[in-house]
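Here come two complexes built around chain A, the first alongside chain B, the second alongside chain C.
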Partner chain A sequence: MPSATLIGQSVLSGVFIGALYGLLGLGLSLSWGMLRQVNLAHFALAFLGGYLTFQLAGRLDPFVTLAVTVPLFFLAGMALHWFLSRYAADMLNTLLVTFGLTTIIESAIQRIWTADFQRMESAYGAMRWKVGAFYIPFPEAATLLIAMALCGAMWALLRFTDFGRAARAMTEDPAMAAAFGVNEKRLGYVISGLAAAFAAVAGMCLALTHTLAPVQIYAWMGVVFAGVMIGGLGSAIGPLAAGILIGVSEALTMALTAPTWAPLVSFTLLIAIILLRPARF
Partner chain B sequence: MRAAGGFVLFGLALGAIPFLGLPAFYETFLYLLLHAVVLATSWNILSGYSGYFSFGHGAFFGTGVYVTAALVAQYDWHFLATLPLAAGAAAALGLALGAVVFRVRALRGELFALLTLAITFVLATIMLNKVDGGPGIQVMTDIPRLAPTASGALYLLMLAIALLALWSARAVFYSRFGTGLFAIHDDEDVAEVMGVPTYRFKLAAFCLSCALAGLAGGIHAVFVSYVTVAETFSIALAVNVVLMSALGGTRHWLGPAIGAIVITALLYGFTAGEAPVLGRALVGVILIAVIVLMPEGILGKLLTPSPRKRRARTNSGTEPELRSGNERAPSPNSEPMLVARGVSKSFKGVQALVEASFEVRRGEILGLVGPNGSGKSTFINVVSGHYLADGGSLLFEGEELLGRPAHRIARAGIARTYQVPRPFAHLSVLDNVALPPMFGRVTMDRASAEAEAWRWLEFTGLAGKAHARPAELNLHQRKFLELARALASRPKLLFLDEVLSGLTPTEMDEAIRLVRAIREQGATIVFVEHVMRAVMELTDRVVVLTYGRPIAAGLPRDVMRDPQVIDAYLGGRMREEGSIYA
Partner chain C sequence: MTIDRRRALAAAGALLSTVAFPGALRAQGKPVRIGSSLPITGPLASLAIIHKVTAEICVENLNKRGGLLGRPVEWVLRDDQSKPELTRTIYEQLITADKVDLIFSPYATASILAAMGVAQRYNKVLLHTSFGIPKLAKYDMQFQTAGSPFDPENVWPNHIFDAAAKLPKPPKTVAIVTSKFPSVHHISVGAREVLKKRGLTNVLDIEYEFGNRDYGAIAQRVKEANPDFLWGGTNGIDPVLMLEAMSKIDYRPPAQVHLFPAPGPMLKVPAAQGSLALTTFESHPPFTDDPAIAQFVHTYAARAKEAGIPYTAVDLQSAIMYAAWQVLEAAVDGTRSLDDKTIAAWLKQNEVKTLFGTLRWNGPQNYVEGADLYKVKQLQQGRWVVIHPQQWAAPGAKPV
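The block that comes next holds the complex of A and B.
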């Protein structure tokens, strides 16, 4: 049995990785739940954001790169929505088209930054605090705070503003919402733009906390989608909560068994939820 | 048996290649083509036919690879002996996954796609931990001397499996099973209500699909001779397979094979050249282009008949014979056929049916009327098995229906129409009507089902449109298609859900004539309708529902004068002014 400190440190790292799951899941949850688009390219976009941050990091502070990537990705998200809403009629087709897009972006990344692992060098990499018996690395803590802030802000936006009310009405019944004066087209562009902008932020966090490689794009899909499905489609807080649940379970699995078993956790949780609460889906 | 002859000739022709003494390159290249053909064709049996896109085909293929690799390398099995196990393990995995995910009703396609994507990583993890150990497995084995060279022998084995896969895909395509899968693709709920055992069919198709992929994996393990987790469980394989099938056409058994040949040749050109990365990107571009520009694929585009080439069958079949009068028993006091006792159903607090109790008597036309939202359609949905009732009992000829899956209710002899027609969009009108007799009370083979379908198309006046797609029909024809489809299963009890709404007065008269003719043949009918003229003209008895409760039952004229009924329809104020049907 590992020591209490090790378990505690594992839980902590599980929370940190879970925050990144939640951050990646936020955009997915919005486009799947509200626009009925299963956007696999979200992961490729996040990695593209990570690589852009990596590229700009020589000249700019990683956090400052967001000023470049976020507006850029917002536009990319709008363009993607234009294409999907025009050409990919049903949900399965959005999935197929964005799968194609993923391989294109992946190839482009590989062409520009090679297939090798890349690690962003920044002043933040070495920063960490010791709190009691535990170490808290700055990049991970920053990711957690950003994830909480963005998910919380999105939740409040959906809950308390007219934009949010319109978006929720559109989620429920797009045609009916349109009949009551919701400009669902414009709303779709904004939501898709936001989702992509969240991918840019997630990419920055990825670059801060992880080494980057094009093949890694696929490694995140299973876990994050599991989190989105467990957390609830269209929800802003759900994916973060589910992500942290998965992250902590994975970290504990790693600490108690072997690190190589961790990928099984999210899948097992998802299957368990399908079996126990099939009505959710 | 022309097809069988074709397969044999084709197999013999391709089987002769290793004996021609060509350079080994050709055997290897042809092997890779056939390998792709097997994977795409097997993928299509579930995913193309039924529309459940799997992104985990690599996982099932990889299962086969690893079963064979492990048994050969670690337990010294003969490689041919491992193949049944490779296929069996992949099928078992598919069965387990399908048993979980096919239970989900909403979001099914997307959930299935993502779960199969996830299973690839899960399996990779398990294999890495339990079987492989990290560095990979060296597969050294005796390859049976089927041909002058080892690569020739493997080519012949893959050829055999390719023929098996194509033969299976073709057999499924033309069978009852295949028809059921295509119906699931278009509208799974309706397919189930028409008697297709959707859960079982999906599982069976998934098993077959996985078994073939596992078989190909077993041979491929020997072909590559050194297997690693990273190479085997790659997501690229799944993407390529989807792309091949989509490109060739998922709605035909041969489509994926054509796509497989095109894509493999294309990719081979790129990897042999100097731009493998560009090749990957190109695959993505083609995938998007195909989905956007050619959603039916190459073969789908070639095979869609142009409207001019279609002809209605010239010699019209016999009119459906009207059965003799002794089968017709419309006396008002006859025995109850369907007895509802305390049937309840609520949706998130809205009580759609509140302990509804009434009966349908054999041979009658029962009018089920009530204001909008009174629970009429809910009742039909409960009887047909689409909704699960919260409580109560529903006896059909003495047997409990509640809790039975919808396809077994259809098989007991209950059919329904949908208020808003729900034809299978990608099936021809003829196939739409031929489906229910294949899965109904008497299960017919395809040929007799088509003959049956022709009769009902003529009965409803749709014979001229037999080869059209439902989208080409107007509303009145779609409503009649609903009728023809319900009738073709020869139901004992038929629910007609607002078949008259939206029809012009002339069309309505025609429909009323049809309903009469249906009853003449001995079917019992529950007629849900707002058009009071038709209700009064057609029905023997009427049951009135309001707020999910029956409030009156009896002869149409009596019921319509009942003050409670008038209240329900028009509000209390109108009572003095007379009945709603004056």
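The block that comes next holds the complex of A and C.
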């Protein structure tokens, strides 16, 4: 019989990894749902953000590096949107183009930081709290709080502001939104910039909690894609909720059964939701 | 006979060059082309860079010594992207289009198996560095150069438990946590049997998929099982992630092994101190007693730094590549031939002294059963040192 500590600590572990899934999924969900761009390069950008954090962390606090990476990535996101719009890439072509961009970014990372594993050393790594029988590590807790704050802020932005109303109208019916004066072009740039900026934040969290290697760009794709689809395209809160659902399910699978079953969890959940709620897709 | 001034100067120049650069003059003519692939990109790239840097040093040294059969050596390297199916195509191309004289090892079991099939089709001898499941090596002209036994699933767990028995508190209970990565999984399956025969108790036995991202639940399961010894059937970065997850719940195994960890990142993990691992070579005496090997260690450190490799000491990976070139040179010199069948026949009847011991191929499937050249190392005060067997232990090093 598994102990309460095993189950509780595993749930916590799942919530923390799920928060990272959600944070990675946030930008992907926005660009896919609102701009009809399946941006595979989002993962490469997140890892590039992680490597830049790793590089800058020798001189700056990891959290302060965001002052450099976030604006930089916002511009990169706008540039990507310009490129995809310039050639009027449809959804399938955005997938292909951004896959190519992923391999370019991966090669650049490998060239600069080598294919070897890189670990950011930070005082935050050893910080943790004990609450009852459970341990809460600082980097993972910070990732959860950042994910909740960003997803919440994005949800509020889309729900309560003119920008959000215009973005949602553009997603529903671009022609009608344009007729009402929505500047689709400008909105596209801002959303693409925001999505890339979220990748920079996710990259900082990756560097705080994980060891970096270029090839790991691909290791996160499947589960984050599943999270975005379960959470709903264009949704700000959905990917985080789905990410935590997947993370907790994986962790409990590892705690209670053979850990080899854990990778099946995300896609099993996806298939179950497709079967139970087909209208959602 | 009269010698004019110009000829005399030319002869003196040639003589001087011979003394100053003996190899440069001897290595003449059409190069001996040796073809291989490495996973320069893809999941195995972090290890391939070590093999690439090592092989470049070996070829450079070989050419300084006069090459092979007096001809310079040219290494034709292709990137197999860590894909066995691509490896197969590359070896076909190397043999049929590039028309290399000899082929050489790719990296890791799956790619070597792919190259082995091609070698068999064209009757090419294949020296290989990193084949994890020897029983699958059925080809008659394949030869391992890593010092592995025919039965690593039996020999390596025994090495590790022999070393563990020398620890200040010899273990009685063991938790096996193994990745399903083929080679380490194969050894861990053997470990289950070995620990039973040695009277040890298995208190936890779990497997996880290679590439796992979250070790929180696994760490908690190990903590609750409370073993004397953690058997980590792990390689690459997995042990680092696993130990970090354990640190986050204030747990550290009393003793542990991780079969083939990424050596550099392990140094930075406090909980990894005291961890055991398998190796063939470490950069300390008695391995470095040979001046040529000491020079290689020195050169490798400089080249690895240039290449941006974080861990610059020669260890298992670079040593198995170096040994492969030692075997190739010995076999070609021994036969004075580039003929594959002649080289294969020579290897079966001879032995070759390498930087980590003497290799021979006179057992089943060109391996040796029940014996090997592997050692057990331990992470002590931020440095990997061999602790078992005693004749290869670092000076003054004791199991801690």
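One rule holds in what follows: the second predicted complex is superposed on the first by the 279 of 281 C-alpha atoms of A that agree within 3 Å, B and C clash if a C-alpha of one lies under 4 Å from a C-alpha of the other, contacts with A are read in each partner's own complex, and residues count from 1 in each chain.
Following the convention adopted for this analysis, a contact is a pair of C-beta atoms (placed from the backbone, for glycine too) under 8 Å apart; a residue touches a chain by one contact, two chains touch by 3 or more.
The model shown is predicted, which means the values in this text are computed figures rather than measured ones.
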Fit-or-clash call for chain B and chain C when the two complexes are aligned on chain A: clash
Contacts for A:3 in the overlay, against chain B (first) and chain C (second): which applies, first, second, both or neither? second
Once chain A of both complexes is superposed, is A:211 in touch with chain B (first), chain C (second), both, or neither? second
Considering only the touch criterion stated at the top, classify A:260 as touching first (chain B), second (chain C), both, or neither. both
Touching A:127, do we find chain B (first), chain C (second), both, or neither? neither
Which holds for A:119: it touches chain B only (first), chain C only (second), both, or neither? second
Counting only touches as set out at the top, which of chain B and chain C does A:156 meet: first, second, both, neither? neither
Is A:275 in contact with chain B, with chain C, with both, or with neither (first, second, both, neither)? first
Would you check which partner chain A:250 touches, where first means chain B only, second means chain C only, and both and neither mean what they say? second
Taking the superposition on A as described, I'd like to know which of chain B and chain C A:67 touches: first, second, both or neither. neither
Taking the options 57-65, 129-137 or 381-389, which segment of chain B carries the C-alpha atoms that clash with chain C in the overlay? 129-137
Chain B and chain C contact sites that coincide on chain A, given as residue numbers: 106-107, 110, 219, 258, 260, 262-263
Which residues of chain B touch chain A once you look at their complex with the stated criterion? 51, 53, 55, 100-101, 103-107, 109-111, 113-115, 117-119, 121-122, 124-126, 128-129, 235-236, 239, 242, 246, 277-278, 280-281, 283-288, 291-292, 295
Chain A touches which residues of chain C in the complex? 41-43, 45-46, 48-49, 82, 180, 206-209, 211-214, 216-218, 220-221, 224, 236-237, 240-241, 244-245, 247-250, 262, 264-265, 268, 307-311
For chain A, which residues count as touching chain C in their complex? 3, 5-6, 9-10, 12-14, 16-17, 106-107, 110, 113-119, 121, 125-126, 128, 130, 135, 137, 140, 210-211, 213-215, 219-220, 223, 247, 250-252, 254-255, 258-260, 262-263
Where on chain A does chain B make contact in their complex? 32, 38, 87-88, 91-93, 95-97, 99-104, 106-108, 110-111, 218-219, 221-222, 225-226, 229, 258, 260-264, 266-267, 270-271, 274-275, 278, 281
